[in-house]
Amino acid sequence: MRDGVTFREARAYLEGADRPVTDKRMTAAGAMSLVHDGDHIAVGGTLYSRTPMALLFELLRQRRRQLTLSRPLACYETELFLATGGADRIVSSWVGIGLQWGLAPIFRHYVETGAAEYEEWSHLAMGLRYKAGAMGVPFLPGLSMLGSDIARMTGLKTVTCPYTGERLAALPALLPDVALVHAHRADMFGNAQVDGYRHMDVDMARAARTVVVSAERVVTPEEIRAQPWATMLPHFAVDAVVEAPHGAYPHECYGLYEADVDHFDAYVRSIQEHGVDAARRYVEQHVDAHADFSSFLDSVGGGRLAACAAGAERLMAR
Amino acid sequence: MSGATAEEVMAVTASRLLADHKVVFAGVGMPLLASALASRRQAPNLTIVLEGGIIGTRLLPGHLPISTNEMRAAYGAQMLTDITDIFLFAQRGYFDYGFLGAAQVDQYGNINTSVIGTVEHPRVRLPGSGGANDIISLCNEIFIVTQHEPRRFVPRVDFITSPGYLSGGDSRERAGLLFGRIGAVITDLALMDFEPGTRRMRLRGLQPGVTVAQVQDQTGFELVVADEVDELAPPSAAELSIYRTLRDGPPAVPPAAVVPA
Amino acid sequence: MRDGVTFREARAYLEGADRPVTDKRMTAAGAMSLVHDGDHIAVGGTLYSRTPMALLFELLRQRRRQLTLSRPLACYETELFLATGGADRIVSSWVGIGLQWGLAPIFRHYVETGAAEYEEWSHLAMGLRYKAGAMGVPFLPGLSMLGSDIARMTGLKTVTCPYTGERLAALPALLPDVALVHAHRADMFGNAQVDGYRHMDVDMARAARTVVVSAERVVTPEEIRAQPWATMLPHFAVDAVVEAPHGAYPHECYGLYEADVDHFDAYVRSIQEHGVDAARRYVEQHVDAHADFSSFLDSVGGGRLAACAAGAERLMAR
Amino acid sequence: MSGATAEEVMAVTASRLLADHKVVFAGVGMPLLASALASRRQAPNLTIVLEGGIIGTRLLPGHLPISTNEMRAAYGAQMLTDITDIFLFAQRGYFDYGFLGAAQVDQYGNINTSVIGTVEHPRVRLPGSGGANDIISLCNEIFIVTQHEPRRFVPRVDFITSPGYLSGGDSRERAGLLFGRIGAVITDLALMDFEPGTRRMRLRGLQPGVTVAQVQDQTGFELVVADEVDELAPPSAAELSIYRTLRDGPPAVPPAAVVPA
């Protein structure tokens, strides 16, 4: 694996950082100016669930270069970054589009030709790596990865339990420069609430140096305090808040809207036919052609968004 | 055989391995479908767990998830937590079964979902482990379901993404994998387990009408053949009808009609 | 520290255990017959919040002997076990009654005379010890306890990070025989939901061999499925469900009732005057004199319970 | 001095050390009261965190919690999580201040809340660490507030429950305590910090009307005395009125009246 900051450097940074209780609302454009070329970006959600798409589209629009993207399971957004030179390194346990779409051809092209690096860990290993970072320790012990070639390729080390003498996998802390997370609600200070499953968002955010939360709704602090048990991240772990209704589209946001599978279908068909050019065309058409994400959503049309919302409603009715 | 496709034969055979009152950690696709079928047949109290932090999912027939991390996978769940937490349940020992597919499997049950060729010069870069490495390392008993083709059943996988019995014998334990055993490999042709001691893949059962020679012919390594090789029962009309309803939604015609008399 | 089962034995036990989806409802008396003399009992909640008092009173009634009690912060219930010979070993970070009551005289008597053992860990150490058990690993690394005399007394060992070379505290897995947890709601299968803070209940239950949940209300499985994100423990981690309204009294249950401070006041006054005898008398009067916990609650009177509920209501209104 | 009790003087002095837009991990009692006072004075954006999994609590004046793990402590909180999680936030470095009381503290800032006498033959078995060991090990800057008495200020604590600078110099770092520094000790007589290098307790400020000799007389070891020892400002009428309202609830009489002209 490639070395980033050590856990002590990460801790030292946080110790020195301000924890202002101030209005952190920004435009996506403003928030993404916190990202620098070459940064390691942890992308919240997983596969096509609660991906911070409004933030990622803005990163693409601003053409950040040579980013490392880490994610539990990576979807087509990753191909858009590879195809436009936005990312040259992926740290994940799985990169594809989704079961029914087979392999991800753009991802394959970049990794098979060596143009991009794919550092593969197991799913739990990704989780424990973020968790070690979030816990402020340099590693956590685990019992998977052992004996596999992913252990060999990543340079996984082992640790011996000082009490029982067992040898365990030592998962090294993963400490992103920036974590991008999409939430259901957040207040202006950054207190963020999520409904349903949390994926690895909590740990990746607490492991990161800088955290940007996009939210379906920016709510009053009182609304947050009305159900404090639903708060996933406290304000002092969040640097910027971006209001982004349908901010995960075309991916899902639990309880609010299902993924727009037709949207990736079209993407996959086009890249199967035209390869990397089609991925670049997707970015031109759906990102560059729009001033912001809401303009992209307008081009998608209210009908599509309503259909995704209706699908979610059907699944929430028990 | 009762108009069943290879996929349906596999799913039905696999589903029969799941006992009632157990917990199965199922991968998306065939493993999830087979688990859902079992829960509607012999295992009504089977708890299905999915890596997306989902415990006790029901499924809406005809609206099956494409991923284990989406709303359709969470339909009717008893508990929603996070991804890491689900794997920690597995590591603790709560999950009786781990249920996986495989792009490439070898005679020791090692699975490759990472790369065809070498990592340095990949011919095909596959998506990667996802949860498979963890499921096979941490669940109590592992079932692997895949189509029976020589290109999938290789002597040695190009890359061990998910460790089976590694190089056989006690090499799995020696690698520090303290838990889990590979219980069975289920295909459209046969049911296999692993020979005690050598841990080599062993033929235990044949799908209806399939011969030992046919299975060996479709396997890229020499299979151990058990002293007793049973013929597996064909999918019943009821099994097929439930399976197809799960996959496609309620049939327009009465279920019985989809199976030839 | 005294050795219990190893994490491999704990895992082997769970592997072999049944995970039946059956009606697990029992009386407190029936559920507490799952506890054996000499067992290590992890007591849910902390200090005077969500203590599984209905279950503990039943344990006292059944006169289990020589138990080890572990808890994040232990309150007067611990003294009742010491005074009646129910427990001779406490594993915790703090044992008292509460700030305004000063030291716990019965606890002092037993520990100072060597009649009982108090194994003291830091609060986080207790949390990481339960968490290691819950995670199925033999230890977790941490950065407290180091340099202290509690590290020396507990025989704490350290572990060196194989990546950074730092030496960290290694907190050994704590694996209780039985965990007793009080929840707001549970269904008959054991799916348990808690509102508000969760203390260390999740980890201690998942670290334990046997788990008994008492619940304010036993609800339908459909009520659990209606808000699956509130589920703290899944049915396969729970062995018995005991319906126990006001089951944490005189301690609090978040959102439902505050602690009845007057009740411990009376207890503390009596032990300050009469020592161990007063603690034994408390057990005779409030435990032995009653067939079950609801009969104890009747003796307390609806007025007291209503006052505690009113206090909670005032605090929930924001 | 403005009718303030020793407790009030301590609390007010301590509260002034807390800056705005910071996060304080407060123990129950005096540390929580002082933090609440600061949040109603110079630090309206101070975030108060309590070990019961409580972030951003408000407090209901006159209904202060007796423990950090109860509903009154959670009043108006922004986030409720669990105990372990709160300490993991501390371990990560989010908490600017850790705020503790102490039964016994020594010249290196080590705290004993475990045992008077020896563990083998305790004269008094105290409750134990609670979160103190973790707070002093993991928060960024530590404040200790306690009454100034010789029996509390000892050369060497009987038992190090919560490590300050251990035996001084770099012994804290050498013990593997990578983080945190002991910023100040606040009493009813004085304000102290720790001398760079030796890490011995150093007198920095005196409560109004108190002399260096009086402080030394109430300290069981030789204090380092800073070149400049300031006189601390007495509690203001406003500080006292807020403090008393927090502790006792809204006064029956106007706040001003509780302070002599």
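First chain written, first letter: the chains are A, B, C and D, and each begins at residue 1.
Definition applied: a contact is a pair of C-beta atoms (placed from the backbone, for glycine too) under 8 Å apart; a residue touches a chain by one contact, two chains touch by 3 or more.
This one's a predicted model, so the numbers in the text were calculated from it and none came from an experiment.
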{"item": "Chain pair, C-D or A-D, that carries the greater number of C-beta contacts", "value": "C-D"}
{"item": "Cα-centroid distance, subunit C relative to subunit D, in whole angstrom", "value": "29"}
{"item": "Centroid spacing, where centroids are CA-atom means, of subunit B and subunit C in whole angstrom", "value": "40"}
{"item": "Computed distance of Cα centres, subunit C from subunit A, in Å", "value": "38"}
{"item": "Shared interface positions of subunit B, touching two or more other chains", "value": "74, 76, 80, 88, 91, 138, 178-179"}
{"item": "Residues within subunit C bordering two or more other chains", "value": "8, 136-137, 142-143, 158, 166, 168, 196-197, 225, 228-229, 318"}
{"item": "Chain-to-chain touches, reported pairwise for every pair that qualifies", "value": "A-B, A-C, A-D, B-C, C-D"}
{"item": "Subunit D partner contacts - residues on subunit C that touch it in the complex", "value": "46-49, 72-73, 92-96, 98-100, 103-104, 107-108, 111-112, 118, 120-125, 127-128, 130-131, 142-150, 153, 158, 166-169, 196-203, 252, 254-255, 258-259, 261, 311-312, 315-316, 318"}
{"item": "Touch list for subunit C against partner subunit A, complex", "value": "6-8, 136-143, 157-164, 166, 168, 170, 172, 195-197, 222, 225-226, 228-229, 318"}
{"item": "For the subunit D and subunit A complex, residues of the former touching the latter", "value": "21-23, 45, 47, 55-56, 74, 76-80, 88-89, 91-94, 96, 138, 140, 178-179"}
{"item": "Of all residues in subunit C, those that touch subunit B in their complex", "value": "8, 10-12, 14-15, 18-22, 134-137, 191, 206, 221, 224-225, 228-229, 231, 234-237"}
{"item": "Residues of subunit D that touch subunit C when the two form their complex", "value": "28-29, 51-54, 60, 63, 66-67, 69-72, 74-76, 80-84, 87-88, 90-91, 114, 119, 122-134, 137-138, 159-163, 166, 171-172, 175-179"}
